[in-house]
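Both complexes shown next keep chain A, but they swap its partner, so chain B is in the first and chain C is in the second.
Right after this comes the complex of A and B.
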């Protein structure tokens, strides 16, 4: 059977890695999403399309790309990031950032034009408009957070390759499920899967609670 | 450079390896991991010495190629020829015999190919090459896969190319599951088999041929080739495995009362 302490450790690692990667991706999505959505620039269409296509990057590919970069034989090998939670955060970031920024760009492109005209006629500055865009409709941002976090915490390939599924350090829930399945402990694998979904459920309820608090 | 690293590590809230590396990376195989041995050795070594082991279990082929890229301090795999080449080519300092067990042929318990009473592995491989009986291959350059290839070669049989030879391209568990579902034969190391909890209708049908010997070797990655290798800590780990408490832990390691690995002393 499986140690409760090991399962709790794995849950902790999953939450740590996915919280941080989602937060990073969220902040950068808002920043760059706003810039991209509200300005016209050369190659804008191509960049937005490219970001959209990155939403379907296979997790294993994202993991391999990060591995090649942070391996000792790669350009960032000196940073000693391989087999650390930091590497997992980077890999998950690459997977969820395109999804989150695409959602934000879509939302702002829809809301911004009419909002801009309305607010400028009231004498609002760029800063005011940005502030209102962010605080006015909490819903879209919470949804973006949820989607990003869901994708991050459930993915297996990327974090496993760059993290190494190391006991106590980088063995998150999905890596533990894969290991138990590899040992033939199918039932434990399914149970761990149910636990993972429950954790996501709690977080999702939590986020939606704030959404309806509007 | 250091400032960037500090900032990044702080941002990602993982500042453990900020200045010096207090852990060693062991590149190892799935058979040592699936049995749970790697985790136990890591924990016990940490208890004894305070040195953290980060053991990555990826399969022999991958472990060796990772080590050749400098992504490991220690190599612990089961493919003697490749291990010796690894040292010969300057990637490793020296190869030591760590432990051994054996490979077994498993298949459907009613043994349709009737390999149970055969005298040697060559006879068995000949029978299994018959299109009437399915055989699942790992096909992933793992230690098990390399052993399978050498068994075909030794028996003087070319690897079957018909549909009765199935390439799973995946780990031992997945391969055993396929063998179970398709009522086929496959080669597995005894350690993984004993630890495996989903045996269904499969059984060990052939074992104990000399050629099925499965030796594991351990090598420290060369600090000459890769200056970042934590040589002292790695050397300490190897000595602990070969002559210290690690040796006892390996030879006393059992699952359901059965010993999985044997040591040389």
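Right after this comes the complex of A and C.
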């Protein structure tokens, strides 16, 4: 039997963890993406290539790395983050940040030179240039948000390793689907899968609606 | 006055401009011509202090760059009005709607930029530059995408401005250049092959 309150709780945990990790990854991607894309510095080429190669990091490995860092004997063990939603946020952040920052660097590297030249002739400050870089192509940023969020909410391996799928605390939708399917409750697993897809689609639709509202 | 003496400009190892000696006279219209990739746009940006020369002596009465018409102008994904007013806000300058009216594009104010034709966009870009009433105009192929009627209007309007402003522009069309220019520069592979006043330039020109 499907326990509605448990499903709602899992949806809440999934949304909370994915929203927070996506938001942090997005804001830091804009900040560091802008710094990297608009400046010439030693090792830039290697940093961009490294970030690009991190886009394909297997989620389970990201989870394992975070686990080693925050487990009791790890360097950040004293923070007692293991098996908490915060640990899941960190793991998801590690998975989606390289994807989001790579997309943003590509966009800014393409747009910035021309935008900068003309805006400088108007006496624009760096703040003006950043503002217009963001507002002029809202679609690029919303797509980046959507890709990051989609990846975060559908992820299972990393969140399961560092979250531990603890009932009422870290059991998100993907963990619940895996658990119910493993128990042989295929119908419940499929129902939960359909709910997860619906939640993702509603959010994607909302973001796409704003993206196309130009 | 803008004075360039033995100016060189290069990006990484690629030489874009080489040994440029040029004097832009106040109140005159200088037309820069040359084939694609000859360095016309780069020279225009350099004259307007958007980019700095790699070497050579640069002297200008302008203390900083002024709004200029680029070959691919900045198009903000919003209304025509927004494209004016956001730049007015950055420039902190009241805008003059004279060119906007002359080009008869007032009815486009609330339309999205990406819904306009290339010619309409170009009229918006030209009007945007002209709306700041600056003493120096740097125009990179201002007639591109314009129909014949609009091109004629542009030339007439620029001829009217000639005596009050210092104009530097790049052009491909020799007939238009003859109508508007006082001084002509011909670039090839980043070097000035010929520069002279109207009569002398066209007497010598045989490229």
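Here, the second predicted complex is superposed on the first by the 214 of 214 C-alpha atoms of A that agree within 3 Å, B and C clash if a C-alpha of one lies under 4 Å from a C-alpha of the other, contacts with A are read in each partner's own complex, and residues count from 1 in each chain.
Convention: a residue touches a chain if its C-beta (ideal position, glycine included) is under 8 Å from a C-beta of that chain, and two chains touch if they have at least 3 such contacts.
This is a predicted model, so every value here is computed, not measured.
**Student:** For A:136, select first, second, both or neither according to whether it touches chain B, chain C, the two together, or no partner.
**Tutor:** second
**Student:** A:206 in the overlay: touching chain B, chain C, both, or neither? Say first, second, both or neither.
**Tutor:** After superposition on chain A, A:206 lies in contact with neither partner.
**Student:** Determine, under the contact definition given at the top, whether A:58 touches first (chain B), second (chain C), both, or neither.
**Tutor:** neither
**Student:** With the two complexes superposed on chain A, say which partner A:75 touches: chain B (first), chain C (second), both, or neither.
**Tutor:** Neither partner.
**Student:** Just chain B (first), just chain C (second), both, or neither: which does A:123 touch?
**Tutor:** Once the two structures are laid over each other on A, A:123 reaches chain C alone.
**Student:** After lining up the shared chain so the two structures overlap, which partner does A:84 touch, if you call chain B first and chain C second: first, second, both or neither?
**Tutor:** Only chain B; A:84 stays clear of chain C.
**Student:** In the superposed arrangement, does chain B or chain C reach more residues of chain A?
**Tutor:** B
**Student:** Looking at chain A, which of its residues have contacts with both chain B and chain C?
**Tutor:** Of chain A, no residue contacts chain B in one complex and chain C in the other.
**Student:** Of all residues in chain A, which touch chain C in the complex?
**Tutor:** Spelled out, the residues of chain A in touch with chain C are 114-115, 117-124, 128, 132, 135-138, 214.
**Student:** Taking the complex as given, what residues does chain C use to touch chain A?
**Tutor:** Listed in rising order, the residues are 45, 48, 50-51, 64-68, 70, 72-74, 76-78, 86-87, 90-92, 112.
**Student:** Would you mind writing out the residues of chain B in touch with chain A in their complex?
**Tutor:** Going through chain B, the ones touching chain A are 1, 5, 8-9, 11-14, 16-17, 21, 25, 30, 33-34, 36, 38-39, 42-43, 54-58, 66, 69-71, 171-174, 176-177, 195-199, 226, 228.
**Student:** In their complex, what parts of chain A are in touch with chain B?
**Tutor:** Result: residues 16, 20, 24, 71-73, 77-80, 82-86, 89-90, 164-167, 169-170, 179, 181-186 of chain A touch chain B.
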